[in-house]
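Here's the structure, in structure tokens; my notes come after.
Chain lettering (A, B and C) follows the sequence in which the chains are written, and residue indices restart at 1 in each chain.
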Amino acid sequence: MTAVAAPEKPRTGRVAPTAGLRRPRRFGKALLYLALVAGAVPTLLPFVWLVRSALMQDAQMFTAPPEWIPAPFQWSNFTEALTAQPFWLYFVNTVVIAVISVLGTVLTCSIAAFSFSRLRWRGRNVVFAVLLSGVMLPYAVTLIPTFAMWQQLGALDSIIPLTVPSWFAGAGGGVFNVFLLRQFFLTIPFELDEAAYIDGASPWRVFWTVVMPLSRPAIVVVTIFTFIGTWNDFLGPLLYLTDEDKYTLSLGLASFQSVFITQWGYLMAASAAVIAPIIALFFFLQRYFIEGITLTGIKN
Amino acid sequence: MPALSGQRRMERRWGLLMAVPAILGFVIFTAGPMVASALFSLTDWQIGGTPSYVGFDNYTALVDDELFWKSLSATTYYTLGAVPLALIVAFAVAMLLNQRVRGLSIWRTIFYLPTLVPAIANVVLWIWIFNPDFGLLNSLLRQGGLPTAQWIYDEATAIPSLIIMSTWGFGNTMVIFLAGLQGVPRHLYEAVSIDGGGPWRRFWHVTLPMMTPTIFYNLVVGVVGTFQVFNQAYVMTEGGPNQSTLFYVYYLFRKAFHESEMGYASALAWVLFMVIMVVTFLMFRNARRWVYYEMAGAR
Amino acid sequence: MRRRELFRMGGLAALGAAAAACGGGAGPTPAGAAELQFMYWGSTFERKAVAKMLQAFEKQKPGVRVEALFTPDEYDVKLNALVAGNRTPDVGYVPMAMSFRLAEQGKLVNLHPYIKKYPQLGGYLPDAYLWYGPDKLHGVATANESMLLWYSRAAVTEAGIAPPPADAASAWTWDQLVQNAFKLTVDQSGKHPDEAGFDPKQVRQFGVSCSFTYPAAWYGFLRGNGGDFADEAGTKCLLDSPESIEVFQNLQDLVYKHRVAPGPGQLAATGDEVPGTSILLKTKRVAMVVDGHWSLLDMNESKVDFGIGVLPKYDQPYTTTQVAGASSVFATTKHVEEAVELFAFHIDPRYVDLYAQGLWMPQERKYYEDQAAVDSWTKNAGHPPEFRTAVVDYTRDHGVPAFGNRVKNMTAIASDVLTPALQEIESGKRSAAEVLKEVTPKITEMLQGWHHAQEV
């Protein structure tokens, strides 16, 4: 490895005391928990609402004023909603698209962001501005030309239009990710790069062994956003897929709700089931938001 | 200008190389459709029909379009309310979730949950919250002896109501702040502590300045995204009552897909593009004054 | 132009794989089956029924295969993209206003020449046909639908009133509706709106609800009172006529004067779909609701104790009919004959379960006239006994076709001018007369006439 090793967070069982952050006193701690609880009540509301609706009969869901405890617990909403359509197939289809998109986005967006933040080349900021302009035009007017383009390329009814752009720095909306990573890369001390270059490292090596390991929180953010974005995407699959065997979860969800009939119980149960995996994903990934990854020792 | 040093030459070569995927992506997937829509905006193209060139007629027609102005002002109003509110709430929550507390993972997940709840469930919930008779908000106000409101069912309160509702979607902004907080160098906190500074000083002199790149990002993305706000009008208010929540992109969408007037819709889109472009440009220019980066190379 | 080239190439790409046609359409069918695509929207019920219908079709027509293109939402967006890319399906649903535009653009097959060969096409209700010019027929409304007065039997029994009449001859007058609605409206302490101490902010059960913003809900009243949306030429809006003002003032009075109907938002309902008529009746939030026939499927699914009555009448007991999207054959089809056959098949009650389930009413005239034919879709557990008079006869004899499907430029008129005006009336801030007098000239300015109509 190069001279500048990626700093690691302490792996000992004990949590290193946060230097500088004095342990909050008892009173402060109580205040902290109070704030957390006060904030959690409104933020839990939509989720609790969803879950209680998922377990209710349609009529109970809409009583006025609303009821909170399902009576009876309508567990059959889940079994029936999830068997009304081939949800397992939709799940697999969706996971495939999401995983390909996340890999492509994380890799290519961080490469691009490295170039736009830590390498100096003429025209850099202009190019960046042009890329960014791509997200300023409402999609409604680029949708048809984009569709025509995929059609011309013979890529309709495949996952190509849904995944390939993500391997080009998430073309389109993915530019936000380049921007996000750029902002994070800019906060990493430049002395680290310089030290590596003096040791003869190439920019790729600096990117891979210095910047990337220090940017885990930002990469986690991009991963979460891309995964959720793909998971919930409705319009993309709707436009580009025709074969029902290729349908995704969001298309399956939509068919519980139509102009004339909405099967509320099924819709809510299926919605709850569909978001469960992304809740789990967030729960596991958020632990990478740990202080102290950025090496500061270099200045000592 | 002196000849480039070896280092600069290498940076230039690699810089271009590493930007290639992004540039290619833009050229292949984004530029074409953008140019196409710019061309559409100069025609009277109705989807399915044959377009003919009309010059800037669509743009001049906008000036006399009452709904264009109405939607532009509704959107601006919404943006001015929703973006700062979301930033403040998200920042505060991120600070809170960056403390050492028990069950941190669970707290963080709870605060992120509203972002994950599907729109339809959320809409049904908020329809109840805003219900004038037995809704949550009016019940609370009544208990507090305060006057009640018609919320989304009144022209005057519709947009503020949607702004309140949008604040529940602070999760993504919060997560970015949370990630940003990890990058604040600890030695700076130590320095303040050694000088005898308390938490307030640490926040004011370390956290806030070091977070400016992240704040800047969230501000820009918030403004760019919020100017294109669509969903609430589409699924909840349908632009009503009496066009009070006629958001710009919703109006544009109606023109594009309900009436298939793609020429006119494209003109609408490009005007919004210009507006967002100018606002973003101003934000970037202004950023030099308050955004702190590690090195001059950032600018 | 470049764009056209691009689309032509796109069209070629579409054909490319199959190497099917070389331009003229007279090209040989590829070895094997004729492939058709059928595009539709709908609930899971519709999805099942359509799958079954397509299977039956394939069975009857060996050598034809049909691919279903189920599009649960954003139908306009997808269809517009397909039109732009010249990749439309062979047969499918089309949003009503869009169907006229596509027909004029030559994107839909003129079905008129096929009526001779397929007599079934000639037997629909006159109002079902969609004409884009003389002898130019681009489709029919997918199903017939009419507006009815749905009520909760329990609520009516509790109030001790006679249920809304189930035949047009004995329809309530508007005053009778209001009188009965008084009895059906109850606040949290059990008081009615015509009693002292009634609290309009704490209404447990509203007497009646009728949408302001959904034109089909009030168009029957308007026509029954001798008014109309536009004059015969379709170039002058008539919403400021005294007949029209009376109808809308009456609607507004239900909410603000008589206090028997919910105001905006009070039902926890925006638009017309949340939470839906069946839930409103089942929970008795409302005792009587003006809504379309299609609710029947939902009523049965949710096991509501409901009854069906005819709407209250003004001068004539009219109801709005033909409230539906269009069905058409697309000009891109390479197998016109098969596509036309599929078209007739997909709205044939013999093959589609949705009629017996209560979502659709037939378009073929005989299903309203011939006893055996009527029984074939109404004699089942899903259709209550009063269905024959309250729906079948009522729709056949007292239906006026929804103007939204007949007036040109209606999409823009509705979303840009009409709906906001109706919302203003609904808000109760200004009288119907004030609002309508202001909006009528604006609508007149946008009117471009009625669509063509003729005998088959």
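Basically, a contact is a pair of C-beta atoms (placed from the backbone, for glycine too) under 8 Å apart; a residue touches a chain by one contact, two chains touch by 3 or more.
Nothing here was measured: the structure is a model prediction, and the numbers come from that model.
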Taking each chain's C-alpha mean as its centre, the one farthest from chain A: C
Contact-richer chain pair (by C-beta pairs counted) among B-C and A-B: A-B
Centroid spacing, where centroids are CA-atom means, of chain A and chain C in whole angstrom: 40
Rounded Å distance, chain B centre to chain C centre (Cα mean): 38
Mean-CA-position distance for chain B and chain A (Å): 16
Residues within chain A bordering two or more other chains: 61, 64, 143-144, 148, 257, 264
Chain B residues counted as touching two or more neighbouring chains: 36, 47, 124, 128, 131, 133, 256-257
Contacts with two or more other chains, residues of chain C listed in rising order: 77, 80, 84, 268, 274-275
Chain B residues within the chain A interface of the complex: 7-8, 10-12, 14-19, 21-26, 28-34, 36-37, 40-41, 47, 93, 96, 98-101, 105-118, 120-122, 124-125, 128, 131, 133-134, 139, 168, 172, 175-176, 178-187, 189-190, 192-193, 202, 210, 213-214, 216-217, 220-221, 224, 228, 249, 252-253, 256-257, 262, 265-266, 269-270, 272-273, 276-277, 280, 284, 293-295, 297-298
Parts of chain A lying in touch with chain C, wherever the complex brings them together: 58-59, 61-64, 84-85, 143-144, 147-148, 151-152, 154, 156, 234-235, 238-239, 242, 244, 251, 254-264, 266
Chain A-facing residues of chain C, complex: 6-7, 9-10, 13-14, 16-17, 41-47, 67-74, 77-78, 80-81, 84-85, 87, 268, 273-276, 278-280, 282-283, 285, 292, 294-295, 297-298, 301-302, 359
Touching residues on chain C, where the partner in the complex is chain B: 1, 3-4, 76-77, 80, 83-84, 97-98, 101-102, 105, 107, 201-203, 213, 263-266, 268-271, 274-275, 411-412, 415-416, 419-421, 423-424, 426-427
Footprint of chain B on chain A - complex, ascending: 15, 18-22, 24, 29, 32-33, 35-36, 39-40, 42-47, 49-50, 53, 61, 64-66, 108-109, 111-112, 114-122, 124, 127, 129-138, 140-146, 148-149, 165, 167-172, 174-176, 178-180, 183-184, 186-190, 197, 202-204, 207, 217-218, 220-221, 224-225, 228, 232, 253, 257, 264, 267-268, 271, 274-275, 278-279, 282-283, 286-287, 289-294, 296, 299-300
